[in-house]
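In the two complexes below, chain A is the common chain; its partner is chain B in one and chain C in the other.
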Partner chain A sequence: MNLAQALLSGLLIGGVYGLFSIGFSLAFGVMRIVNFAHGGVVMLGMYVGLYAFDASGIDLLVSIPAALIAGGLLGATLYVTFYARFVGKATLQQLLLAIALGLIIQVLAQMAFGPNAQSIRSAWGSQYLIIGTMFASYAQIAAFGVAVVATLAVEALLHGTRWGHAVRAVADDAEAAGIVGLDAQRINLGAFSLSCALAALAGSVLVTYYPVSPPVGFGLMPIALIATVIGGLGSVKGAFFGGLICGVVEQVASTAWTPALQDVPLYALLLIFLAVRPFGLFGRPSAH
Partner chain B sequence: MAAFLLEVADVSKVFGGLVALKSVSFAIEEGEVVGLIGPNGAGKSTLFEVVSGGMRPTGGTIRYQGEDITNLPAHLRRRAGMSRTFQKIRLFNNLTVEQNLAVAAMQSTPAGRTWKSEVQSALIRLRLTGLVDRKPSELTLADRKKVEIGRAIVGHCRMLMLDESLSGLTRDEADDLVGEILALNRDLGVTILVVEHVMPVVMAMARRLLVLDYGTIIANGLPAEVARNPDVITAYLGTKKGAT
Partner chain C sequence: MMTRFSFNWIGIACVLAVASLPAWPFSDSYIVAAVIRTLIFIALGQAWNVIAGIGGQLSLGHGVFFGLGAYATAILFNLWGVPPWIGVWAGMLAAALVAVAIGGITFRLRGVYFALATVVISLAFEKLARFFVDLTGGDAGFALQFLGDSWWGLQSREPTPFLWPALALVVGYYMLTRWLLRSRFGLELQAVRDDEDAATAAGVAVFRTKLMGLLLSAVMTALVGTLHVQFYLTIDPGNAFGLFQAVQIQLPSLIGGLGTAIGPVLGGAVMIIANEATNWASSRFDVPGLDVLAYGGLLLFIVIRAPEGLSGPLSAMLRRRPR
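Take a look at the complex of A and B:
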């Protein structure tokens, strides 16, 4: 694999990383919830994609709405049952709760779907677009396209709609939001559901070219954390660009160095950002 | 029975072993401008929080427009027309001036009016139209205070509670803001409850004063009467004089 190919592959998977990192960043930015179960929701989204494909034979047209709905419902359930009481706190208890939920989701997935990796054998996954010496499967390209469109849609939602303004107001100051008539709990419920819907959406497109097994969810968490820190905590476009950077760094490291150590530069990048620019690319130094 | 807009009856608030409010009772009529004063630690902020919905009282009831709102969440009080500002300004710093007003207007604009026109008229009233696209961090303190008042009055606002809105302002800025606040009362009929630390300011604004000391109301009456009340002089003016 040459370097240009690594860049392309990195960019394509980085889009998907960006998509689920947006969800993770949203939960933190609005509610100060560090959702370590986020990767678990991505993994469930992958299974939703897998089964939607098996059942329908059509790739994304069925799996995308199915994943959005499943992820949103799961998010609403998790929020009401567990997270609502931790809003705004980001406490150790909340962190432990999230890790426990992530593990439980993984075990339940193992019981339901078995421990083995499964993948979709779709036509898209085995057809390639060849550009010079580079190539990409249609599944990779479609997943990237979905990620970009979803990111733009979330940005538009947050900055161009009434609900978006309300979410940003709650993120800024939940008590003051109450004082202006906003029901912060209801807005949080919506934001957390969206966060999980985005995770499941990312899973449903990732599974079109990446095999799913229950531990995949936790495996993705470092990416979400690093992408969020690089992009700036709570920033949607930051998390997306953070995801792109993670994808590219990972693939280039894997090509230029060795796949076994592909994550090392990612952690190095995390350390550099934490030391030099802890508020990330799009964060504000004064925030909190 | 005279219809009061706000009735606070026998309200108490205890934090652990500390009694912040001890059986506080008072009532405010529609259209009044009432000042709430008292020395530091008297319980003014606690009373403010309890009335605006930030805290639940330990005992007692709060009625607004004749309805018991003791356990009503803050956002529903705002939608019913009761709004407040904060002693330390709490604007939404990620939103522009216009958006700060818009999020409030969207929640509480009554049927028959549009939230956009509500925002527009509040901006004009407070002379903020030139600042609509600015973020709060780019504004002067006086303008940030105006934006916070704007955010509190857009949509449906029947009662406005101002928590030390004048602190930190220059004399001219304070006079200007007092003018705006009194105009809200005069033009729109908004009932106003102000918490103030500075006596002359509140004497000039309020037509009635409530004095809180150690969690109880020790005086309630016309500013001139209250200023002559020996209990008030001991508790508030006395300690003030002693401190300086």
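Take a look at the complex of A and C:
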């Protein structure tokens, strides 16, 4: 049953796609920032995971906190230095700025880590769980588990805490939020740091079974775009389901058609959504 | 004495200087080729400027139109012997069809959807071009059958014959942009760029205006694609549809001044100097990716520090001079 296997693999990697798409969607939903450098942060998270493993020999227990901290700090730096001036308007200049940052991150990574693909060889990462005719590596399963837990945590954070309510208030109307006494700049800083921390987290779990090289960042970018639009630009829940859909479509296309063109149906899916349902599965029609 | 010169006179002098380049004592085929590369680069920037600069719609997928122009001409010529004189029309038609498809889907929406769609379309074309090896030559790219000096095949052993068509294209695109900036259509495009609500209220058909702007820009880009492949005799997926190419197309207008007629021309000239410098530095210091770093840094600097590009301060300077 090749198809069942493709569905399973797609769902497992789709969880990780969903995890970094949440971060991308959050930055857009709260600040209207289209962060084309988001994939670059995922890629850096993968290197954090790689080096955390090399240094400690334990993967997720060390690499997850390391990636969250590194991603959060990078996000805060990027926000203060570059993105703060573009909050609220996804202008041409903002998109170009993000592309420039993405290119620079990629080249710097290439200078620091070299152009070759590197991967982790952990003891349990290459062991497989066999379910009937299907199989999945423990690394894939663990990554999926982390993605689901992190997504639920972000949902709880946004809907169950004071800070989350503040973030959503700023997202709805930054001016009104300012009037009732919320410091929009500080809230944005937190939300953008969280966005990048989620990207780095996704990278750190992805690297346990997916080799990392500097171009991987831009390679993952279209998936974040597509997952986010399918789910509804700005919707956290939507971005996660969008990621799952992307993973499944990609793996099924790879099995049923050819790996070289596995992403082409995804591109078609984006265009179909833009034509028929541009506000996505979980967005509101007025959001665009 | 300088005060009597306006942009126009300087421009005419530059055009004459470039047109007569082969006759100059110091010029050789290397210099002529470098100037042609610059002109092609400028023309691409001018074409992108129409929809992005004047229309305010950020296309990150102009490589698609460029690649379609280049590939259509090259494939028709190699596989069926169709001369580029006809192939160029096929390329422009293909670009127009893709432009209508992208615009038709995304221009009813506002904001970032168009930009996102163009990213995805160019990736799709890159993947397809890499996959259909029989048609496109795959990763290695496509080499035009070389006939030597030929009017029929629009080919030449020497770069010089390409100088005048390339120059004519740049001058033509400059005039077209000047016209656009003053014409009703161009003013409508600018109104849409500045404020869609206000444009709608003033009776501008926003969707149609954006679509026509993209159509024009796409056809202009495909025409440059044909010239590019005739001059370079080769095209490959990365060069045609890649992200780096998409960024390169944007830089001339951004450096020179987005949405102005002179911007892409100035910016392209500056870019090519930067390009030669990074090529030299890359070969000297053996650091791969130096060019990408330089372009990324340049883009960053312009967006943050000089959003008007060069033409803003320059035209202010010329205007301030007493007559």
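One rule holds in what follows: the second predicted complex is superposed on the first by the 286 of 288 C-alpha atoms of A that agree within 3 Å, B and C clash if a C-alpha of one lies under 4 Å from a C-alpha of the other, contacts with A are read in each partner's own complex, and residues count from 1 in each chain.
In the analysis below, a contact is a pair of C-beta atoms (placed from the backbone, for glycine too) under 8 Å apart; a residue touches a chain by one contact, two chains touch by 3 or more.
All values reported here derive from a predicted model rather than from experimental measurement.
Novice: Is A:157 contacted by the first partner chain B, the second partner chain C, both or neither?
Specialist: neither
Novice: For A:96 in the superposed arrangement: first (chain B), second (chain C), both or neither?
Specialist: second
Novice: Of the two partner chains, chain B (first) and chain C (second), which one does A:134 touch, if any: first, second, both, or neither?
Specialist: Neither partner.
Novice: When both complexes are superposed, which of chain B and chain C contacts more residues belonging to chain A?
Specialist: It is C that touches the greater number of chain A residues.
Novice: With both complexes superposed on chain A, which partner does A:165 reach: first (chain B), second (chain C), both or neither?
Specialist: The first partner, chain B, only.
Novice: Quick one: is A:7 in contact with chain B, with chain C, with both, or with neither? Answer first, second, both or neither.
Specialist: So A:7 meets neither chain B nor chain C here.
Novice: Counting only touches as set out at the top, which of chain B and chain C does A:274 meet: first, second, both, neither?
Specialist: In the superposition, A:274 contacts chain C only.
Novice: Of the two partner chains, chain B (first) and chain C (second), which one does A:175 touch, if any: first, second, both, or neither?
Specialist: The first partner, chain B, only.
Novice: Please give the residue numbers of chain C that touch chain A in the complex, ascending.
Specialist: Residues 52, 56, 58, 60, 105-106, 109-113, 115-117, 119-121, 123-124, 127-128, 130-131, 243-244, 247, 250, 254, 258, 287-289, 292-293, 295-297, 299-300, 303-304, 307 of chain C touch chain A in their complex.
Novice: Contact residues on chain A for chain B in the complex?
Specialist: Residues of chain A touching chain B: 162, 165-166, 168-169, 171-173, 175-184.
Novice: With touch defined as at the start, can you tell me which chain A residues reach chain C in the complex?
Specialist: Residue list for chain A touching chain C: 28, 34, 82, 90, 92-93, 95-97, 99-101, 103-104, 106-108, 110-111, 115, 218, 221-222, 225-226, 229, 233, 258, 260-261, 263-264, 267-268, 270-271, 274-275, 278, 288.
Novice: How about chain B: which of its residues touch chain A in the complex?
Specialist: 52-54, 73-75, 78-79, 83-84, 86, 90-95, 99-100, 102-104, 106-108, 151-152, 155
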